[in-house]
Amino acid sequence: MLPLVLDQVSFTVNGKTIIDRISIEIGTGPRTVILGPNGAGKSVLMRLCHGLLRPTSGSIVWRGENGGRRRQAMVFQRPVMLRRSARANVVYGMKLAGVPPRERELRASDVLDAVGLADVAERPARVLSGGEQQRLALARAWALGPEVLFLDEPTANLDPAATRDVETLVGQIRASGTKIVMTTHNLGQAKRLGDEILFLTQGRLVERTPVERFFTKPASVEADAFIRGELPWS
Amino acid sequence: MELKHMALTGMLLMSAPVTAPAVAQAQKFITVASTTSTENSGLFKHLLPIFEKKTGIAVRVIAQGTGQALDTARRGDADVVFVHAKEAEEKFIGEGHGVKRFPVMYNDFVLVGPKSDPAKIGGGKDIAKALKKVRSAAAPFVSRGDKSGTHMAELRLWKVAGIDIGGADKGPWYRAVGQGMGASLNTASSMNGYILTDRATWISFKNRGDLAVLVEGDQRLFNQYGVILVNPEKHKHVKRDLGQAFVDWIVSAEGQKAVASYRIGSDRLFFPNANDKGA
Amino acid sequence: MIEIGQAFGAAATLIAARDPELVGIVLLSLRVSLTAVVFASILGLPLGAAIAVGRFPGRRALIVVLNSLMGLPPVVVGLLVYLLLSRAGPLGQFGMLFTPAAMVVAQTILILPIVAALSRQAIEDAWQEYREQLRSLGAGPLTAAATLLWDTRFSLVTIVLAGFGRAAAEVGAVIIVGGNIDGVTRVMTTAIALETSKGDLPLAMGLGILLLSLVLALNAAAYWVKEAAQRRYG
């Protein structure tokens, strides 16, 4: 269903422009990291792509075959765990996606194993630690076999060890053939996980650059200032 | 799965066994709209088992004021009315709601009041004179004010005494509470007021406080009860045969004997007089 | 104060004697109010969830109406049901007036707004938290409502109990539609009203203490179950 094509997409809330005429094509292949200062509209752009928000103007079209939005998934900064077991959380997502019952159980066991939660599969999801919950959220998304996985600041609330786990898992999911689109505050993470950078300020797409070039020779003044301002804290 | 869970929660929530309410019992029964005085005095608890044993008919009593009981029957929600306000009963029959009124029994009203007796009516027998004194002393008087048989009797007695209680003579001393006999007695007891009550309710009433019987024995205080089968031609659901069986029994020698035999302690509460056709 | 002391004595005597008549009254009270709470929950919980999740014209007005109906005077409900079920009323042919079924109908109407309005609030709060996650997983309004009902189950227990408390404690509706018939429709509250009218205040108060103890016991049990479950499921 990729590529995803955005044409002159704007999004306004109460007269305030959050996303300002963005046109872009997101295809298979490179891992895309959306960067930008707070309030640049990164999360909103991702929600527009995922279909949680509708653009005020412009169009968002999946150009590939069976253009629906089923074969995509999103992992949020704060995952919402349902009040049931870890396994049931994974199964729930697949059930909504129409995966047949028997296959749900098999896939659930596989992904829980892959994210290292097999031991706690039957524990209530809400009593797991923050890192475990985020891995469970990844498992829930992964089990859907998505073509694209959107990640919105997936490690913002995690300690370094849990962050490493999540980054490793994102790598594995990518290796299994899923396109990764993520936002992050962590420039180191952007370097580690990104192939290309989409740089946003004030709702506008300022540049789209391969990751090495972005950090050495950004095309825009804004990106240059952002990198220098942000680097010491990364 | 969600639905199953929901059902499950529902059941967990109601940990106690829930069964459908017993709507209609197989047993034969009639509904009798009656007054609080007959119910509260315990008369029905005495009478009904005797009747049920003989006929197999259970009697469900709705205890209301006479006015309300007649209204219940007017809506067709009772098979028999058993009340005490002759005029209202005759009106009820005149409207075609009842078949025929039979006198059953009487008891009497008594005027009770505080032992301190500010209106100085204690010991007298003349109810009209007593009410006049209450009026001139403007002593607190509690009225049912609910169109019950007792309320109607009270209004009749004020008229007899020549007092215009609905108009010129009305005052803050006259408190219409719009409640049943028991609730009105509770009110009178707490404010030390005078009140007209049927003797049966008075005898079985426990929260008397400082109240005592001050006037009794006047012919005009007699409280006549009548029984009426609700007209099956007007109200199709009325159980004509079962209802008639109850009416027939209560005015029969056996029913009358049962009425006469009811006592609280040594007090006899009701006096059968089905043979007094004018009652 | 002597009377209140007597009331506790009367309550103790009542419980010790296990008078079959009193047991019948207690059981009928429980049967009527529990049945009403089951019906009110079957109707009210999905209704609350639908209003919480749904977006339709008149929604705000409906919420205001529902919230106001929580304060429905029992005697008004009683009168309404009386007029409906009376032989002279539209549903008179079923002969339901002065039966326990009529009392169940009245109490169901009385507590339906409580269950619906409070569950709407609880579910809407949860919906704020869950909305993006559920929509991301592809949940439509129906699925979302069902999921939220299950996930807020601990709060809903409390709400349902509040409904039960209201049903078990009211006298205005059941005395009108039930008629307080000895052995048929006499429940604890109407028995209390009757004993009050007979001037037997200690006995009335004793019955009141008994009623309160039953409601207290039920609430304590439910609270304990809820706490245990909540600790387990987070």
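Should a chain be cited, it is by its letter among A, B and C, assigned in written order, with residues numbered from 1 in that chain.
What we mean here is this: contacts are C-beta pairs under 8 Å (C-beta built on N, C-alpha and C of every residue); 3 or more make two chains touch, one makes a residue touch a chain.
Because the structure is a prediction, the values reported are computed rather than measured.
Please categorise the chain-chain contact pattern as a line, ring, star, complete graph or other.
line
Decide which interface, A-C or B-C, involves more C-beta pairs in contact, and give its chain pair.
When A-C is set beside B-C, the one with more contacts is B-C.
By Cα centroids, which chain is closest to the centre of the whole protein?
Chain nearest the centroid of all protein C-alpha atoms: C.
Counting only Cα atoms for the centres, state how far chain A is from chain B in Å.
The mean C-alpha positions of chain A and chain B differ by 78 Å.
Per the centroid of Cα atoms for each chain, what is the distance between chain B and chain C, given in Å?
32
State, to the nearest whole Å, the distance from the C-alpha centre of chain A to the C-alpha centre of chain C.
Centres of chain A and chain C (C-alpha means) sit 46 Å apart.
Two-or-more-chain contact residues of chain C, please, as numbers and ranges.
143, 147, 150, 153
Please output the residues of chain C touching chain B within their complex, sorted ascending.
Those residues of chain C that touch chain B are 30-32, 34-35, 37-38, 41-42, 45, 86-89, 92, 95-101, 103-104, 143, 146-147, 149-150, 153, 156-157, 160-161, 179-182, 184, 194, 196-201, 218, 221-222, 225.
Spell out the part of chain B that touches chain C in their complex, as residue ranges.
Contact set of chain B toward chain C: 2-3, 5-6, 9-10, 12-16, 18-24, 31, 36, 39-40, 44-45, 60-63, 74-77, 180-183, 185-186, 189, 204-208, 235, 237.
Can you check the complex and tell me which residues of chain A touch chain C?
Residues of chain A touching chain C: 47, 50, 52, 70, 73-74, 76, 79-84, 92-93, 96-97, 124-127, 140.
Provide the residue numbers of chain C that touch chain A in the complex, in ascending order.
Residue list for chain C touching chain A: 129-130, 132-139, 143, 147, 150-151, 153, 232-234.
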